[in-house]
Structure formats: structure tokens, C-alpha cells
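Shared between the two complexes below is subunit A, which has subunit B as its partner in the first and subunit C in the second.
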Partner chain A sequence: MKRLSQAVFLSMTALVLNVQAAAPDNASAQAGERAREIWHQQIEGGYQTLSEKAGEFAEHSRHWCADPATGSRSDVEQAWQQAFMAWQAVRFVDFGPIETDNRAWQLQFWPDPKNLIARKARYLLSADQAPTTDTIAGAGVAVQGFPMAEYLLFDEPFNRGDQALPAERSCQMLTAVASHIAANSEQQLSDWRAFEKHYIASEQYQDASVRAGMNALEILEERRLAQPMGLRGTGKRSAYVADAWRSGKSLATVEATVRGLKTHYLPGLELLLENSGQPGLADRIRGQFNEVLENFPALDTPMAPLLADDREFSRLQGLWVDVSQLTTLVNDQAAVAVGVVRGFNSSDGD
Partner chain B sequence: MTNPFRPAPLTLAITTATILAAGCAQSPSSAQNTQPATRANVVEHYAGLAHANYEDALITARALDEATDQLIANPTDANLQAAKEAWLAARVPYQQSEVFRFGNAIVDDWEGQLNAWPLDEGLIDYVKPDEYQHEMGNAGATANIIASNSVTVGGETLDVSTLSPQLLADLNEVGGSEANVATGYHAIEFLLWGQDLHGFDAGAGERPVTDYATGADCTNGNCERRGEYLDAVTDLLVTDLEWMVAQWAPGKDGNYRDQLTAADASQGIQKMLFGMGSLSLGELAGERMKVALEANSYEDEHDCFSDNTHNSHYYNGQGIQNVYTGTYRRVDGSLVTGPSLSDLVEQANPELDARLNSQLDASMAALQKMKARAESSQDPMAFDEMIGPGNAEGEQIITNSIMALVEQTGSIEQAAHELGIAALSPDDAGHAF
Partner chain C sequence: MIPLSRRQLLKAGLAGGLAATLTGCSLLPRKTGTLPDQYTGAIGLPDGGFGVGAIDRHGHLLWQSPMASRGHSGCNRPGNQEVVFFERRPGRSFYVINAGTGARKHHIRAEAGEHFVGHGVFSPDGRWLYATGSRYEEGEGIVTVYDAENGYRRTNTFDLNGIGPHQLTLHADGDTLVIGLGGILTHPDYDRIKLNLPSMEPALILMNRKNGEIVGRFRPAHHHQSARHVDVSAGGKIYVAYQYQGPLHEMPPLLARVENGQLREYRFDDDTQAGLANYIASVIAHPENDLVAAASPVGGTAIVFEGASGKLVSKAGIPDCAGIQALAGGDFLISSGRGKLVRLGRDNRPLELASLPVYWDHHLV
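Presenting the complex of A and B:
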């Protein structure tokens, strides 16, 4: 029973009372509210980018598929990548409207050890009816997000076959998936805006917000790096366990997530740390974010060749060590400083 | 079923009629538990509960071993059916014992040989290729040990001409892939039922009993080897469980129970709560239900060959309740009771204890609905049908169970906080020994 857990979450934030028993004093309540204002604004910026980029991806897909001769496949691939990276930047937010209808899973079903994506694609592409947006809406999370679009655009065996894009049926599926992603991204932005008052007024979201970054770092270190690197479990290195292996963008997603945490998560955390008399720790965390990011753009490269060569592997180890140190600073030191206890999350179990 | 369904109480009274009648720790009239609960006696009783649970797993595994021996010696439909029933019965205690896994590293490190899942069954025996999706990059996924004298996985060639329990243990996770499950309940399940080729439709695996027939009656080839495999893998299950029973046996110097009960009792309490919460949320609600449901993925169904998934889930849930209430109904019908986590939480915060007890009852009620629907004599709906695209009723049944488990996990966290257990991090669990 060692299967990798879906790095997705079942949030309890809406159900759990804040167990940090003591009522915060006025100053820290104000700081908490201010931190939530910052988080709300920063995250809104992230969702705004996602919504724009997802819209562009849908538009490029439609354009290319309508007339492959004049459109450009590489424009579609670029647009996919930009939208997917915009998602990576806000992927850490695991509370609030993103929980509605499993929107996070819809956007990215991962990991997929049994290649459900390929199976679902084969099924939909061989069905009697061409896939429409309605088909996609009812077909489950493995069909509805960036990994399915990635499969259609980048999967090598698929793109060697006679259904390779821009084949008509495959194009219909691509545009339907892209428009599902765009609709979800737009809805998410609008829901997040509507969530503002409640979020800022509800103290319980302070813990939820801090924990969101903690969980994201834990998943990044353990599931997105250590697991494919063979540092966990059976010790086998496997690029298939990582995100976005089909497009060779596994490590680019790591960069995008870390950059997203630095932009959309860190400022609120810094304010809380300063309010808890820990400005030094805030500085160290910011410094460690920069350490991690110094691995890029050099490491913006497919993961598989790095796993296959021990000398190259050491570059990956360097990144992993930097991420681990960041995780320790945030999940152990900062969490204690701001009084957040790690709870159960979806990565418990195996 | 030995555990009658108990409805969720609507009042703050935390004991149900069932438990009261049996005499549980909260009952003032109870004669057998007059001692007030302490951390030490709660951990001691937890170890006793684990021991009873693993003993039952062993008893039912021995019955399974005997039933499969019968099947191999005399492959009739009746003997195949008896072996399947023995397998189903063996799952009842084992699934309850999974709550001991998380937090107790000795169990977690051991259980991969017993309950690993999902598996690439093409490692073991024939499969229908177009209905078989194995783990990506798994070189052993189509090795077919039963049809081979040697298998080559990841550049390594292994002699498999003689199928012994030890060989199968060595083959488990061969080539470094966790999907290469050569041993345990699910390997046995596959050998009894075969691949479920029905997808989201009604029906489980339909392996013909002639897969074990001798001479010209043998179907799908290698029947004798298949019998040898089944013999070895059931023998291994028994010896593995014997080892775990010994680890939890009382009065044995240096075994796991000895270490657990000698350590600071708060560590034991932490393991209990961590085991409950991890199974409840990440594993059962998340991995085993939500992933299968939201992705409409029968590859993620737990007991996918036998369609016994509803019972695996139900008895997982029962295990969580067992640990909290300090109660375990043994396979012989007798009841094990004693000082419980519930007693400790009640001392600290009676309202929280009442809430958690009623949430545990509610999650068992939700899982009972899943079980009843799957076992309905009129119109059964198995778990792999419930997760089918567009099955609104099935989705509701599963979602209700997930939500109940999520809610109780919130209270488990609060109980940990109430008892002063700050860190529920898995990194702290298991390192003490």
C-alpha cells in the first residue's frame, strides 16, 4: 500500500474551529486581518493571470484547429505552457472557491501512475460522438484539465499515430478541454473576488492560509521531487511520477510554484512573522526562496535525462536540498512562530 | 457481519445501546472496567486491541490457506466458492487492523507484502492485454511469473522455476516498482477472481475454476504452476501474520508491544490519533474514495477483482472507531473492551468526546449505506458502478462517506490538541523506536 497519494486535498478548514485556543489580542487580530488582505490581493493577481492565460490558450486552440494551415501549433503549445505555469503559481491555494466542484483536481489531475489520462483520451476519441464541452464537463477530472491538453499536444506515441493533432476529432477534444480550463479559471477568479469579505473577516482562514503554503512545500519536496528522484519508497527513479513529464516541463513547474509562493504567499507570512517579533526569520525565508530560484533557469530542462545520469543528477540534488531547507524554515520554524500546527492532510496515508 | 450497524445518537449521550450492553468504559454500571482511564492503560489496551485484531486476521488467513489447499487439490466450483468466501472473511479483521498502520512504523514497513495495491497483475498471471493498464515505466508489468521459469525485470534475471513463499516475498516490488505486487491479499484475490473485465458495469472477475484443473481440462495454461503460486502466496500470508501477532503479544520481552508500552504513554496516544486521522482523511476518504470517484477510475478501486471494495472501506472505518472507543468485536463474536481514547477525551472535554463519537457513528452509518447498496439482494450497486460517469446516486453515496470522514478527522485533530499532542507529523511517528 505504498501508492503515491494524489497531491490534492480534502480541506477541513471550513469545518474545524480554530483550535489555537487563546483569543488573539487586538494587535495580532489586526495583523491577521492585514495579512489576509495582502493574501487576498496577491492571490487575486495570480488568478487574474491564470484566467487571462487560460483564455489565450483556448483562443489559440480554436484558431489553430479552425485553420491548421494558417495557425501555428507552437503558438498553442506556448499558450498551454503559459497558462499551466500560471496555475502552478496559485496551485498552493487549497481553500476557498477552488474547493468548489473539485476545481483544483479539474485543473490538474496528478499524479497519474496508471496513465488514466491516455486511457480516457483513447476512449473519448473512439466514441461515436465527437467530444463537446458537455462531454468534457461530465467526463471526470482526468479529462478536464491541463494534463489532458498536454497529452494531446505532447504525448509522443499519440502524436505519431493517425489521431495526432490537428486531426479533426483530436482538435475538437483539445478545444473543448481548453475551453473547460478557461471557463473554470474565469469562474475561479470571479468566485475569489466574491470571497474577499468573508475571507478577510474569518480568522480561521489565517491558519488555512499559512497551512496552504506549508502543504504546498511538503508536496513539492516529497512528491514532486523526492519521489521521482527515488529518494522515497522503493528508491527507483521515475520521471513519470513528476508533473508534466510529457512536455518536459516538470522542473519548470517547480520554478513556477516556488515563484508563485514567493509572490502570492510570502508577503502575508512575512507580515505575521514581523508581528510575532520574528523579522529575522522572515528575512531568512526570503533569502531561501532566492536560493531555490537561483537553480533556474539552468534547471529549466526535462527531468528524465537528469535522472538517467548520476553527474546530472547531482544538479537535481542541489535543488532538492534548497527546497528542503525552505520547507524546514517555513513548516517548522515559521509555523511555530505564528502558532500554526500541522494538521492532517491528503498526503498522510501513503 | 459481526458489527451491527449503530445509528448516530442525537443526544450528547455517547454510548449506544450496543456498547452499554457489552459493558464499556463509559458505563458506570460496567463491572469489568472500574479503573479510570489513564494514558498508560489506554495505550496498554490499544496494544491488546491490536493483538486481538491481528490474531483474528491470522485465524481467518489460516482458514483461507486451508480453503485454497482444498481448491488446489480438488478444483471444483464449490471449492473455488469456498476459497472466495474465506478470502472475504479474512478481509474483515485485516481491514480493521489498517488503523494500526499509520504511526506504527513496524506495521507500515511490513504491510506492503500483505495489502499492496493497486497492482500490475500481469506480473503474476495472464491478462487480457487491451483491458490491462499497468503503471508507466514498470518493466515487470507483463512478466507473467506463472508462465515463466525466469523473469527479467530492469536488467536483472530471476529464476522463478520453483515458487516458494520466500521467492514470492523477494519478487514483491521487483524492479523497484510498487505496482509489482507478487504477494498478499490482492495477489490472492486476483488468483481467485481474475481480472474484472466489466468496467463500470455490474460484475467482478470471472476466473474459471478450470484455471486450476489438471491435464487437458486446464484452461489458460500453466494450471499446476498457478496452484503452486496460490499455495505459496497463502502460506506466506499466514507466516507474515504470525510474525505480526507475536509483535503485539503480551509478556514478550523486546517485542513491539513491550517497547510501545514501556515508552512515554503520550507517544502511544500520538500514534493512536495519527493512525485514526491518517486512515480517515488521506487514505480512506482521499486515496481510496475521492480519487476513484472524481477521476471515474476503476483502476483506483481497492478490491477491484472481487468487487469487495465496499467492505474494505466499511471495515477501515470500523477500525478507526475501534481505536477511539477501545472496543473490538472479534470474529468469534466476543467483545474486547477497555480504557479508551474516548475516556481520556471525555475527561478533558466531554462535549468534544460526544461530538467525535457521534461523528464516528455518522461515518459508519454512511459507509453502511454503501455496503448495503453494494450487497442489496434486489438491485446491488458495487463500488465500481458507483464511480461510473453520470451515476448520481453512486456519487452521492460515496460523497456522503467522504464528508463524514472529513468531519470526524477535524474532531480527531481537536482531540489531539485537547490531549496536548501538538505534532501530528508523520515524521515524529515511528521514530521513537
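Presenting the complex of A and C:
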């Protein structure tokens, strides 16, 4: 452990702190309200897409499971992917109705270091009673979202076994999970609409909104990329640490998240930056979003082969560097410019 | 939310170190209570590591002692040069440290199926250590008892009949443990997901420390007022601070004290409530007067109010403030995750006393 400097930093001069955060002046209060209007509208669009795509996924699952001979598995997989990517686009929103009943966790239980998804799936599939929507509703967050559906659709060992879809019991579970996802997505859209007046009237949600994007970028850089790439912790590369490894969509989710942030988050932030006299920074951030997105569709590929081959790995490093630069621009520079900080204690939760 | 990354800590550390000013001619004020000339707290280090650190009144680092993971709070052992620090929830262990040298004397691990939650308190004679904890498979809150005179051997376990205890302290009567029961069910396998928000039953619990009998259980007005932090004034007034689990735009009371057998809640003006951001990380009742201080790192606000009247007397914007110490003479010292130590008292003139290149993690003891 690095020893701290023994230097004394006492500053007993009468440095009086600003006793209260200065009340925002009229212009910045108006800009804040306008930013919240933009954010509300943009995010509503994202939830709308999620609700539609989740509904389609549920419908495709029902259809295929009702008659596997005429339905198409690849349609179900495709629908799962579209709904999951719609979720990635709004996954950054960590405040408001999405907090109700751990809805974000219900939609995507991750990380899952103990592989609860597989354990819970095996448990439910071997239970006396076939899983129903009620079973899923009462079975906890690991069962209720996209990763469980992904397990049923894409897990290789599972799909080599005799319970592989479209086996009846597994199909019952898939349709129940898909319908839970659809119900939650629809509820979230309706709750977000009802939340509008509070969101726009409460200044506190400005910080919450800016922080939401910062957190999402931090999680993206550190936990969704650096960790599987072995740049953190044990230093071991592991695709299993990333999300959506079963479907090989870890990197596609990165693209969807970045695209979602650009569409649903950036416009409100840009307005605040312009109001703070930082239009240049807003331009640089927009440019960096584009830099990140230029890695796609070339990198819309499973992560595991990229981790296994050093030459391929450098493509991943390129993406990580681009994401890091975006994170630095938003979390360090833009956050300071609009007066939002995340602290050691404030992000702890105890 | 996730903790700051190492990259950010490093950046913040460098910036903090460069920004610190050196005058070096003055002293930090004396604390009240045990070891009045020393401040000890869990710290985050600029290199991303964690430990416990103590400074003297010159602001000199007396020692630092490593911890395997992030710490939270601790307690000084009365009549003995020992300080105990707990790992952050879900804590797997606590450390017993020589308060004079920083040398580690014991490293006590939680028993199988249990974890600590970051807080403990000693009996007045320094023999028994009481620590809040959880049997996580069952979701049962417990108080565990350790014998400090026998190598911190586990001697007893008291059930709280509730979920999610956090801070505990000892009442001025010397016999009653005062415990904040957050009411929130979590499980180490599920990160920090709150598993029971609709059915939370938070409470302020009073427990006889000798036999574990629950002698009082007070419920906040709203079941989303998660009771986390507690303190007792010298005169025996019991205070509790909440972290509200409902939406940000609802701004219910966050502080209360026991009066006439129930919780009297304090609500301040909307600006102050907004500044507290539905989240209090510490509450301290001053042993020398009627003042009470509370700090919110989320809102970056610390306040001081009168216990009897509920009148707000001071408010300061201090980014990431969390720890509070009562100072000899009647004021408070607020510590922040940015290494600041700020004096705050009745005069509502916050004074920055020190800026250290260290991240004070929550509570100073």
C-alpha cells in the first residue's frame, strides 16, 4: 500500500465555504428545465421502442412455442435481440420509475459471477409445476429478464440437452419470461409518462440525469470492457465477465448502449454545456461518440475470439481507448462544466 | 451506483494533493470522547487501495494500516489503545488495530453464513464488542458479541427480528444498544440489490446489551424511511437518520428522535431537504449541548440543528461529506471523501481546517 505523504495540509486561514450551493440563476434554471424536457422526451422514445420490441418478442415466443413446426426459432432469437438492444439504449437511466421494484435488475440481472441464471433455470425446469407467469413474477430478478431468455435461447450446453427449446417445459418458461419482460417494459413506458411532471419540476433530477450517463459510461468502460479484457482485477481475459456472452452479443450491446446515450442522453447534456459557455466541449463529445461508433459494425462480433488472439485483441483495445476518451470527456470535463460530481462516499449507498 | 474507478481515484488524488495548501502552524481541535487528540477513519488511497488511517491534531498522518477491502466505520475501545474497523457491507471481517501505532492485532472473520455491515460499539468497560450483522441466507439481522479480553472470541448472538441493521451505538445508560434497522433485504450474491422495497419494515431498535432482549422498537412514519444511523445525546436523547427509498422529488423527514414513546420527525425547509437528497450518512448529537449534526454526501450538504426546537442553525455545502465528529467546545468536524475537514457549529460559518490527500470513507472515530 502506497504510504501517504506525511505533509501537513492544514489551512486554518478563514476559508469560508459557500454556505449553500448557490441557487441557480434564472437563465440556468430555465436551461435546466429545458434540458429535462428534452431528456424526458428522448428517453420516452427509448422506452417506447423497448415496449414495442418486448411485445414483439413475447408474441414471437408464444407463436413459436404454440406451434414449433410452423414458427421460426430464428424469428424468436431476432426478436429477443431487438428487444434486448432497445433495453441497452435506455439502460443508462438509473433513476425514476425504473427503480420501482428493481425493474432495471428485473430486465437485466448482471453481473452474475455465480451463474445464478443457469442455477435458477435448472431449478425451475426441474420443479414439479411448470413455470407460469406467476412463477416468474415471484422467482426473483435473476429469472425475470433478458439474460434468462438468452440462456434458454442460446446457452450451448442447455440446448444440447433434452430440455432444449422447443421442449414443452422450456417453452413455457420462455413465454412466461418474455411476457414478464413485455409487461415490465409496457409498465415502464406508462410510468415514465406519468413521471414527467415531477421530473421536469424537480431540479434534483438534473444531477440525477447527468450522473446517469456518467455511471453508464463508467460501467461500460470498466465493467463491460476493461474487466473482460483483463485490464482490471486478476488480469485474466474472460468473455464470461461481459454481459450477453451466451448470445455472442457483448459488443453489440456496447454499440447499442453508446448509440442510446448519443440519442437519448447527449442532447440534454449539450444544452447544459452550451448554457455553461462550453459549446466546444459539446462538439468534442459528439465527435467522440462518432469515433466510438465507427468501430461498428466491424466489431459486431462475439468477444471470446477477440480475447483469444492478440492481433484481434488490438481491435478491442481500439474500442476501449475510444470509449475511455468518451468517458473522460463526459465524466471529467463535462461533469465539472455543469457542476456535477460523483464522490467516494456519495456513490457508496450506506 | 458503482464506486469510483481507480483511474478516477488517481486523478482526484493528484488534483487533491496539488491543491492542498501548507500552513502548518495550527492545530486541529480536540474531539470529545476517547482518544481526543487523534482522528481515525477508513480511507481510500490514491493508488486504489484501502485501509484505516489516523491523523493527529497537526494533521500529521500517525499511521495507516491496510485493509483487504473497503472499510466503513469503527470504534475505539474504552480504556485501551485499540481501535476496531469494519469492512464495508457486506463485510467479511473486522480489524483490531493498535491505536497508537497502527499495528494490526487481530483480523476477525465473520462466521459462515454471516456478514458484518460496517459498524460496532464497545461496552463501557471495553470488554465486549457488539457488531451489527446479517445471516444473509435467511435475511435475519443480528447483533454479534465478541470478548475483547479473549482475543475477540465470539460469545453470543442476539436476534433483531428484522432485516438490514446498520449502525449501533450505546445509550448513555450503559446498558441499552441503540440500533438502526434499515429494513432492506440484500444478499451478497445479488450485488446490492434491494430485494424487498415494497415490504420494508425499518425501525429504531433498543436492545439490552446483556441479554439481547429488545426493549423498544420504533417505526418511522413511512416504510421507505430506512433507519440507518443513530446517536444518543449525553442526556439520553436518541436520534435516528433515514435514507429514503422513494422517489427523489418526495422529500420526507430524514431525521427523528424518540420523544414520549414515539419518533418525532424533523423536517426542514424544501431547499435544505433537497440539499440532503433523501440520504443521511451520519448523525451526531453533541455531548456538550443540544446541537445535532447530519451529513449527506449525495446532496453534498451538512447541517446542524437544535434537538429540542428542531430549528436549523447551520448549513454548509461540502461535496461528498459523510463523517462527523463532535469537537470539544461545542462544534462539529465534518470529513469528506475529498480529504476535507470542515468545522461547523452554531455560528453557521463553516471553516475548512484541513485538506488531506486521502478519501475519508464515511465515519471518523
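We adopt the following convention: the second predicted complex is superposed on the first by the 322 of 350 C-alpha atoms of A that agree within 3 Å, B and C clash if a C-alpha of one lies under 4 Å from a C-alpha of the other, contacts with A are read in each partner's own complex, and residues count from 1 in each chain.
In this section, contacts are C-beta pairs under 8 Å (C-beta built on N, C-alpha and C of every residue); 3 or more make two chains touch, one makes a residue touch a chain.
Predicted, not measured: the structure shown is a model, and the values here were computed from it.
Student: Touch test for A:S202: subunit B only (first), subunit C only (second), both, or neither?
Tutor: So A:S202 only meets subunit C here.
Student: So in the superposed three-chain picture, is A:N215 touching just subunit B, just subunit C, both, or none of them (first/second/both/neither)?
Tutor: second
Student: On the A-aligned overlay, A:A139 touches which partner chain: subunit B = first, subunit C = second, or both, or neither?
Tutor: Touch status of A:A139: first partner only.
Student: So, A:K114: does it touch subunit B (first), subunit C (second), both, or neither?
Tutor: So A:K114 meets both subunit B and subunit C here.
Student: Could you tell me if A:F344 is touching subunit B, subunit C, both of them or neither one (first, second, both, neither)?
Tutor: both
Student: Quick one: name whichever of subunit B and subunit C touches more residues of subunit A.
Tutor: C
Student: Between subunit B and subunit C, whom does A:F95 touch in the aligned arrangement: first, second, both, or neither?
Tutor: Touch partner of A:F95: subunit C, not subunit B.
Student: May I ask you to decide whether A:W105 touches subunit B, subunit C, both, or neither, giving the answer as first, second, both or neither?
Tutor: A:W105 contacts both subunit B and subunit C.
Student: Just subunit B (first), just subunit C (second), both, or neither: which does A:Y240 touch?
Tutor: Once the two structures are laid over each other on A, A:Y240 reaches subunit B alone.
Student: In the overlaid three-chain picture, which partner chain does A:R223 touch, first (subunit B) or second (subunit C), both, or neither?
Tutor: second
Student: Taking the two structures together, which residues of subunit A meet both subunit B and subunit C?
Tutor: On subunit A, the residues that contact subunit B in one structure and subunit C in the other are 1-3, 5-6, 8, 10, 12, 15-17, 19, 21, 102, 105, 114, 116, 140-142, 341-350.
Student: Under the stated contact criterion, what part of subunit B meets subunit A in this complex?
Tutor: 101-102, 108, 111-112, 115-118, 133-137, 173, 175-179, 274, 277-287, 290-291, 294-297, 299-300, 389-390, 402, 406-407, 409-410, 412-414, 417, 422-426
Student: Provide the residue numbers of subunit A that touch subunit B in the complex, in ascending order.
Tutor: Subunit A reaches subunit B through residues 1-3, 5-6, 8, 10, 12, 15-17, 19, 21, 102, 105, 109, 113-116, 119, 138-142, 230, 233-236, 238-240, 341-350.
Student: Can you list the subunit C residues touching subunit A in their complex?
Tutor: Those residues of subunit C that touch subunit A are 1-6, 8-9, 11, 17, 20-28, 44-47, 49, 51, 53, 58-61, 64, 66, 72, 88-89, 117-118, 166, 189-195, 197-198, 228, 247-249, 271, 274-275, 277, 281, 297-298, 300-301, 315-322, 336-338, 342, 348-362.
Student: Taking the complex as given, what residues does subunit A use to touch subunit C?
Tutor: 1-21, 23, 94-96, 99, 101-102, 105, 111, 114, 116, 140-142, 198-199, 201-205, 208, 215, 218-219, 221-223, 232, 331-332, 341-350
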